[in-house]
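For reference, the structures are reproduced in the following blocks.
One chain, subunit A, links the two complexes that follow: it is found with subunit B in the first and with subunit C in the second.
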Partner chain A sequence: MSTNSTVTESLQRAASELLSDVNIAVIIGYGRNGESPFSHPEFVRKPEDVERLVFDDRCFGNLAVYLSKDAIRRMGKIGIVVKGCDLRAVNVLLREHVVKREDIVLIGVPCTGQGDPLPHKCSVCEQRNPQGCDIVVGDPVEQPQINAEQKYSDAADIDAKSIEERWEFWSGQLSKCIRCYACRNVCPLCYCKRCIIDKTIPQWIETSAHLRGNVAWNVARAFHLTGRCVGCGECERACPMDIPLSAINQKMAQLMEEWFDFQSGLSSDEKAPFTTFSMDDSDTGIL
Partner chain B sequence: MRSTEVDEQTLYQATAGWLKSAVDTLKGAGVEVIAPVEVDPGVIELAVIDSSESVVLDYTNVRLPLKRFFFPITEVMMEFEKQTDGDVLMKSEPLASPKSEVVVLGARPCGVAALEALDKVFHWDYDDVRYSARRERTTLISFACTKPDPQCFCTAVGGSPHGTEQSDVLVFLKDDGQALMQVCSDKGAKFIEQLKDVVKPAPAGTKPPAPPEVKAMFDPEKIKTWLDENFENDFWTDVSLKCLGCGACSYLCPTCHCFDIVDEANWISGQRRRNWDCCSHPMFTKHASGHNPRADQASRCRQRIMHKFKYFPERFEQIACVGCGRCVRACCVGQNLVSILTDIEAKANGGNNSDAE
Partner chain C sequence: MTQQTSDSSEQSEWQPRIVAFLCNWCSYAGADLAGMSRFAYPAAIKIVRVPCSGRVDPMFVIKSFEQGADLVLVSGCHPGDCHYTSGNYHARRKLLAFRELLTFLGIDPRRFKISWVSAAEGAKWSSLVKELTAEVKELGPFETYSKILTGENGR
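What follows is the complex of A and B.
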């Protein structure tokens, strides 16, 4: 584990300046707890507390999830530390009018990946240098060229299976689901005040952790995130049962790119395929 | 839960290869055997086994807690079906017992100790027949903990890596395949009797090994004194800020026992099921009126701590936590129960909290 002291110092300086500006109520960044295997979300509200902020190679979390939380929003204007992947989620929140651009200050951090070994999403990241932030701390980093084959390799592994093998694989994986909904709660784009799973009149999706209910839940999750998911991988990281949810997310992203030439979250003013109509749209299904 | 004093009369010596003999003997007698196996790379889970070959002995703890074999993630309570004459036929699901006996071979002492809390809840104002039947038919053979990890804190909540609470037999595995066994109950004595070819009384003077060190990081009694006075405190808002209410901590907790009852049906027939639930979710307390007495994450985080370290001890004279550390390991935002409790203890000791008095 290594702390990037140059970036951390710049970050603390920027945070201190922002908090001294009366308009910024809270900086959402990362902090360290000695024994923890990763750097946790940290909320800094006073300039004298900025030394709690760090940036290292264990900043796994996507802090954009906090932008839709009432307890945070009530504080006032928010400064938020974003890696490139996190920024994509912020862009979707802006696009969907969950947050207003004037209510947040984006503190971008160039990032070469989190963890050792790097997770797949980091090794194929095309957003190492976040674009369009208010402040960038740290120097730009090299951005390797990534092709579609690399990006969607997990989805390809599953596509290579026969229909029967795929069902065997997914029914095995989804049988493990204990319906804790960590995947939903950690997702920056699952901000519904009332999730479909919590709607009981009628109960659209069975809440029991049997295969039928688990498949229904995971399919509903995928449907609601297709064309929106930015592939940050938080759902898979949060899943206590190690279900490979990123493979589903990859497939969604792959189809959106192939059929609509669309990647979610690259900008905040993009037109999302599901909320726009074009005569050129493919008439194939999405799954 | 402590096992500092061991009666030599209860110690037995098992020869190398005892595990295979045990599994074969039990299976031969029609007993269902549950043991730790590797289900995902590096992930150990308790599961029904066919032979001793798949049993894993070198692990810290299993992913899902032992409680699921007594209080399943989902279970059918009743089935109903509409008849052609318009009546509805209802039938209770046959109870778990007396299908077959079950032996859990290789639970950890903390997971087994957690059943004491569940026993109290499920036998409290109502005897939960499903839970009781499963509990009754099951013999619990614990494997003494040899490598607690930094997230373990059993000693802080009255436990021990060699705790015998609720265990029928505590097994001390040896590297050479032999084992020392401590009988803790009549069920345990029956288990030993079944294995008499490979398990003999230990020679006089035999002592169980010393338990590995697990540092006690806080004092629950001090914590309770602070909780008693601080239902309303800004501390709850502060600790809840990063909590996403994801529920992983509760679902993996060996003592959490809240459930939801749902009906699942088509036009003709259906089932009433009992499913694990979680106090971190807003829906858990939402009333039919729309009012929610725990409307924010701060009140839900407070409930989780209060229930384990104040309400449960007041009602059942026991902490609803065995220090297994699953909640700490599972939390995706690094919420750490031990950190929260040590902060509370500091406040109770007159630390940096002005509201504590």
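What follows is the complex of A and C.
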């Protein structure tokens, strides 16, 4: 683990300036607690507390998840520390009118990846330098070229299997699910006040942890995120049962890119594929 | 959905269960026309009328499988003919992507069909149902899902 002291210092300086400005009520960033394996979310409300903020290579969390929380929004204008991947989630929240651009201040941090070894999403990251932030702390970093094959390699591994092998694989994986909904709670884009899983009239998804309900839940989760998921990988990281949820999200993201040339979260004024249509869409596979 | 009681004279032959979501304006009227024109088609199909193919949520399909459907069909107006102008265009994108998701998870995509049947295509409806019934008879019961029902596969 290495703390990037120059970035941390300029982050603290920027945070202090923002908090002295009366408009900013809270800064959401990362904090460090000893040798913890990850840097936890930290909420700073007073300029004298800014030394609690750090930026190191264990800042895994996607802090954009807090932007839709009522308790945070009631505080007032929010400053938020974003890596490139987090910024994509913020863009989707802006696009879906969950937050207003004037209500947030984006503090971008160039990032070469979190953790050691790097998780897949970091090694294929195309957003190392966040674009369109209000403030950027730290120097720009080198951005390697990534091709689609690298990006969607987890999905390709499963695509290579036969249909029976896939079911064998997924029924094994999904039967592990304990329905804790950590994947939903950690997702910055699962912000519905009332999730489909909480609805009982009618109850679309069985809530007990057996394979039938687990399949329904994971299909619903994946489909609700299709064309929206930004691939931050938080669902998989939060999953206590280590279900490879990223592969499913990757597959749907790959489809959206191949079919509609669309990647979610690259800007805040894009239209999500499922909110629009084209008369020229393919009819293949329709009887 | 209730369990279909099998005909005592044909107890040995398994009858598939097909659930069809038909849009009110085209496909349902098409099926109606098939009836009025006396075009016979197999009784394996159970029709659910929905306002538009765009109304069909993927959870309808999942729920149908959970309740024992061997095949699910969604049918709407031909592109350009939607009563609500664009419902079927939205459905086309979503349902084709949904089929890809099922395929990725190992759920046989042959169990989920999409078709366009207009109000004038009673004959097409009749032959479509015949084809689908023959196909699903060939495929047999949808065991991937029915095994989950009985708990043999998983918990």
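By definition in this document, the second predicted complex is superposed on the first by the 281 of 287 C-alpha atoms of A that agree within 3 Å, B and C clash if a C-alpha of one lies under 4 Å from a C-alpha of the other, contacts with A are read in each partner's own complex, and residues count from 1 in each chain.
Rule of thumb we're sticking to: a contact is a pair of C-beta atoms (placed from the backbone, for glycine too) under 8 Å apart; a residue touches a chain by one contact, two chains touch by 3 or more.
Just so it is clear, the structure is predicted and the values come from calculations on it, not from any experiment.
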**OP:** Applying the touch criterion given at the start, work out whether A:I178 contacts subunit B, subunit C, both or neither, answering first, second, both or neither.
**Re:** first
**OP:** Kindly classify A:L211 by the partners it touches after superposition: subunit B alone (first), subunit C alone (second), both, or neither?
**Re:** second
**OP:** Figure out whether A:F43 sits in contact with subunit B (first) or subunit C (second), or with both, or with neither.
**Re:** first
Original post:
More residues of subunit A are touched by which partner: subunit B or subunit C?
Top reply: C
**OP:** Report for A:F169: first if it touches subunit B alone, second if subunit C alone, otherwise both or neither.
**Re:** second
Original post:
With the two structures laid over each other on chain A, which partner does A:N33 touch: subunit B (first), subunit C (second), both, or neither?
Top reply: first
Original post:
A:R237 contacts which: subunit B (first), subunit C (second), both, neither?
Top reply: first
**OP:** Examine A:I196 and indicate which partner it touches, taking first as subunit B and second as subunit C; both and neither are also allowed.
**Re:** second
**OP:** Would you check which partner chain A:I72 touches, where first means subunit B only, second means subunit C only, and both and neither mean what they say?
**Re:** first
**OP:** Answer with first, second, both or neither: which of subunit B and subunit C does A:G61 touch in the superposed model?
**Re:** first
Subject >> Overlap of subunit C and subunit B interfaces on subunit A (superposed complexes) >> reply: 206, 209-210
Subject >> Residues of subunit B that touch subunit A when the two form their complex >> reply: 40, 43, 63-64, 73-74, 150, 237, 240-242, 244-248, 250-252, 260, 262, 264, 273, 275-276, 278, 281-283, 296-298, 330, 332-336, 339
Original post:
Which residues of subunit A touch subunit C in the complex?
Top reply: 155, 158-159, 161, 163-171, 174-175, 196, 204-206, 209-212, 214-216, 218-220, 222-223, 226, 248, 251-252, 255-256, 259, 273-274, 277-279, 281-287
Original post:
Residues of subunit A touching subunit B in their complex?
Top reply: 33, 35-36, 38-43, 61, 65-66, 69-72, 178-182, 184-186, 198, 203, 206-210, 213, 234, 237-238, 240-242
Subject >> Interface residues, subunit C side, partner subunit A - complex >> reply: 58-59, 62-63, 66, 79-80, 86, 89-90, 92-94, 96-109, 113-116, 128, 144-145, 148-149, 151, 153-155
